[in-house]
Amino acid sequence: MNGTKMKRALTYLAFVSPAAALFAVFIVLPFVRAFLYSFQDWDGIGREMAWVGPANYLRAFEETAFRASVWFTARFVAVTAVLLNVLGLLLALAVNVKLKTGHFARTAFFLPTVIVPVLVGYLWGFIIVQLLPDIGEWTGIRILQKNWLSLPDYAFISIAAVFVWQHVGYYMVIYLAALQGVPRDLLEAAAMDGAGRWGTFRSVVIPLIRPAVTVCTFLAVAAGFKSFDLNYSLTQGGPFGTTESLTLQIYKDAFQRNLFSYASAKAILFFAALSAVTLIQVAYMKRKEVQL
Amino acid sequence: MWGETSGFHPEWGKAVMKKKAIVWAGAAALILSLLAGCAGRQDSGPSAGTSTGTAGGSAAQSAAPQGREKAEIKIIGIGVEIAEQQKAMVEDYMREHPHVTVQLDLPHDDTLLKTRFASGEGPDIFVVPGYNGIANWLEYLADLSNEPWMSKVAPLAVPGMTVDGKKYGFPTAVVGYGFIYNKQLFAKAGIEKVPSTLTELREANEKLKAAGIQSYAEPYKEWWPLGQHLFSLPFAYEEDMKASIDKINRGEMEVKDLAKIQGFFDVLDMTVEYGKGKESVGVAYNDQLMAFAAGEVAMIQHGPWVYDPIIKINPDIEMDVFAIPLSDDPSETRMPVDVPTYYVVNKNSKYLDEAKKFLTWFHENGQKYIVGSYRYIPGFTDLEATPELGPIAEGVFRYQKENKTIPWAYTLWPAGSSQEFVKPLQSYVAGMIDRDAALDEIQKIWNIYAQR
Amino acid sequence: MTRSGCGIGKGLLEAGLIALALLFLFPFYLTLVNGMKPYDEMARSLLAFPRAPELKNFAAVWEKLNYPRSFLNSLSVTAASVAGILLASAACAYQLVRRPGRISSAIFYSILASMIIPFQTVMVPLVVVAKELGLVDTLHGVILIYCGFSLPMAVFLYHGFIKAIPRELEEAAHIDGSGTFGTFFRIVFPLLKPVTASVAVINALGIWNDFMVPLLMIRSESLRTIPLASSIFYGVYKSDWNLAMAALTLGMLPVVVFFLFMQRFIVQGIVAGAVKT
């Protein structure tokens, strides 16, 4: 018996350790270091760092800019997570139907994920600032004639829209894989029982793609929280800081404002909050998944 | 659940075969590319640490003269705008000094520099802003006071890199900025004399408006034209800029007490009123340049750095530059001309002497590189700015010769604050807060950063 | 199963899909078109089709990027990282699922939690760690970092999908005398094709386009990946956007080809796995 147990343990180790080792060295270790930095007052340049305890954390809670970016990030995540999942699923459904243009459409929706973020900012910046007003004049729609990146609310809409454009293909792919994993015979059985399209969808498809929904929601929330490139290249966090995501603020604190330790503190706070949110969300959704 | 409950199906077996083939093909491709990658890495050792390829490097290695120790200098240089020119200069140096390899990195912002130092790999030569930049990095800087070129540094460049009597910097360039204007458009509007007071500026703007020409398209989406360059002016116009800033740091004075602060807002108002209005907050730097090059806009607030991009678009445009007035006294109006950044040497460099020699060589060949290639106004008394630098640089040089200059202020702002002031200013431009509220916000930001 | 009006419905759907797809592709049109214009023409009008489309930009970019070299670097890094991620995470998730318990849960949830850590937070300490391990300025260092950073998401995805594979299959194989390794590679892994394909594609794209890790890790010019090499085209005070777009097109092309190829593979894999008796 002992031999088998040993063998089992070794097998476990063999399978798990490469991943665990990489994880420990490249994620846990730097993270612990960042955690330590957050209790110091390092500016990112000098070699001296003094311990200041929780000072950075307290300061973060008092800073209006920090609260503003938390508020922005929360709204941004809520909006984009919903849009990415709903649109992702819709597109996957549409593309799943055997259409002649299915292949073309699928590639087209996925392509934005391929483009380098800096250029996304530039291209969409051009479209929003130069093209939208032209379209506005042509159609007479007044709101389009304004520069959307100069108005806080519309800048928010812009950045959310571009974010969705850029990432929805990713979610479409996952949903597509899930949809195509739904056994044909179950669908046929439901059809034969007289269930309509919508009925089949609701009682057969949705429960079976629940794992994908959990996964995609989790990913979308995490992606929204971590949004950086677009804020950096499209809006630079503007106008006047209203689209400064948490990650952008952390980056600026660390590398532009010479507040490296402060940035680390904010990052830890951010991580703690986000872990709580996502763990709750995952636990909740996993419970609702169909167990087969 | 994934489509089957039975196990081994003949068709599935076929799929496995096909899959195996693809896996093998993939593995082969993988191995090939890894080998290629490894081969690449062997090339890359010190002999190929140049920025344009391996040829020069390996030739240099085999030609290394006997008895000369090989050296490797790492430089984090100026931005990518003059990437080609910097690479060319480095290549020339390596050709003349075969025992030295130079590795050149071009930054977009401070991230690279800070990360390298943080991981213990600070470069040998790098670039920092004057005053506060030098102060921030002081513990890494080598004392360059006795270098052969130090006596030739232009007087206006000295204070920014001097700390406790010791000198640490090699000036990159003398730069100035003001309102660059399109001569043809000014002529069309009937403006004969360049404005030198606020009133004259308003008159000029009115004339442009009457002629149907848009005066400005200021890119207030970016942080630096407004938050750094324009906002520097009220500080720079102070009688003793450093003393005033010290007072503000000590809390004895506030930003709103600056003599020319209202003048600053007056000019800002004009750039907005005769420009894109509240939407200026959404205009990007590129948009502005292209509009100016296309002749749609009469003035832009910039310096010689815009010359190349504009000429590339429209070689026929005629430009010049004038200083931005903040009052109605023409004798007060001057152009901010200063040396914004310096090359500095890492005092812990393994190849300290070689790094210093590099700078010496750079100065000796300054006319060829700094002026001829980079097209900068040199910060040395023994180097000359030539007309090829373009009309904007000539304009700046003109103000410098006539001594009608003021320094640049933003390098003295509290560390880390320079990108923050723009936010309340943007709110002001968008009409969301008034002057007093903006000044209060600015003071709050100042206080936070001054405390560190 | 036919329905009246199905044809019209499908037609509308097709039309709608095409319209949306074109909208999605519009920025790519801009990229392609402007990559073929000289700087002044691009400055005048970003929208217009080039008056005389020229390939000069591509030639210049090819040379400045040292395209063959940077392509090979990008390829090695991406391929090796993806392979590493797939193997390590599938294996790990497999055992975490099949041997549930406190340790497995602890490992799983820690890995899960780390998915949230934004790169900017750990950027600097990561470089310090890399330096201490002697990984700086090496391609394998970059690969290891990518593996480490992409593991959490991959483990998460595999975990979820492995759970849905019935144990009977493995038990049957076990009875037939197959060991755990064999069972895993011959039975379980093939069933994970859809996930594998998704994870591979997603990570391949992310890594191919990534700029920050190479920026921090790579010094030697000969090790540069495409995004890193392309960064010389955009600066603060002046950006050669037309060259940048040509560079982007060159950088994107291999990825698009890869995706097209993978698409068919995904479909094949799924169809093959879904055929029933």
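Just so it is clear, A, B and C label the chains in written order, and each chain counts residues from 1 on its own.
Definition applied: a contact is a pair of C-beta atoms (placed from the backbone, for glycine too) under 8 Å apart; a residue touches a chain by one contact, two chains touch by 3 or more.
Owing to the predicted nature of the structure, the values given are computational and were not obtained by experimental measurement.
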Determine the shape of the graph in which chains are vertices and touching pairs are edges (line, ring, star, complete, other).
-> complete
Comparison of A-C and B-C (more C-beta pairs in contact) = A-C
Which integer distance in Å separates the CA centroid of chain B from that of chain C?
-> 34
Cα centroid separation, chain A vs chain C, in Å, comes to 15
Among the residues of chain C, which ones contact at least 2 other chains?
-> 124, 128, 161, 164, 166, 194, 234, 239, 241, 270, 274, 276
Two or more partner chains touched - positions in chain A = 44, 130, 181, 183, 254, 260, 292
Multi-chain touching residues of chain B, meaning two or more other chains, are 1-3, 109, 111, 114, 118
In their shared complex, chain B is touched by residues of chain C numbered 39-40, 43-44, 66, 69, 72-73, 75-77, 79-80, 83, 123-124, 127-128, 130-131, 136-139, 161, 164-166, 168-169, 172, 187, 190-191, 193-194, 215-216, 219-223, 231-239, 241, 265, 268-270, 272-277
Can you check the complex and tell me which residues of chain B touch chain A?
-> 1-3, 109-111, 114, 117-118, 136-137, 139, 221-223, 276, 278-284, 287, 415-417, 419-420, 422-424, 426-427, 430, 432, 449, 452
For chain B, which residues count as touching chain C in their complex?
-> 1-7, 9, 11-12, 14-16, 18-19, 22, 29-30, 33-34, 36-38, 40-41, 43-44, 48-54, 74, 79-81, 83, 103, 105-106, 108-109, 111-112, 114-115, 118-121, 224, 285-286, 289-290, 293-294, 305-306, 308-309, 312-314
What residues of chain C sit close enough to touch chain A in their complex?
-> 1, 10, 13-14, 16-18, 20-22, 24-28, 30-31, 46-47, 87-89, 91-92, 94-96, 99, 107, 109-122, 124-126, 128-129, 133, 144-145, 147-149, 151-153, 155-157, 160-161, 163-164, 166, 180-181, 184, 194-195, 197-198, 201-202, 205, 209, 211, 227, 230, 234, 239, 241, 244-245, 248, 251-252, 255-256, 259-260, 263, 266-267, 270, 274, 276
In the complex, chain A touches chain B at residues 43-47, 125, 129-130, 146-151, 155, 181, 183, 208, 236, 238-241, 252, 254-260, 292
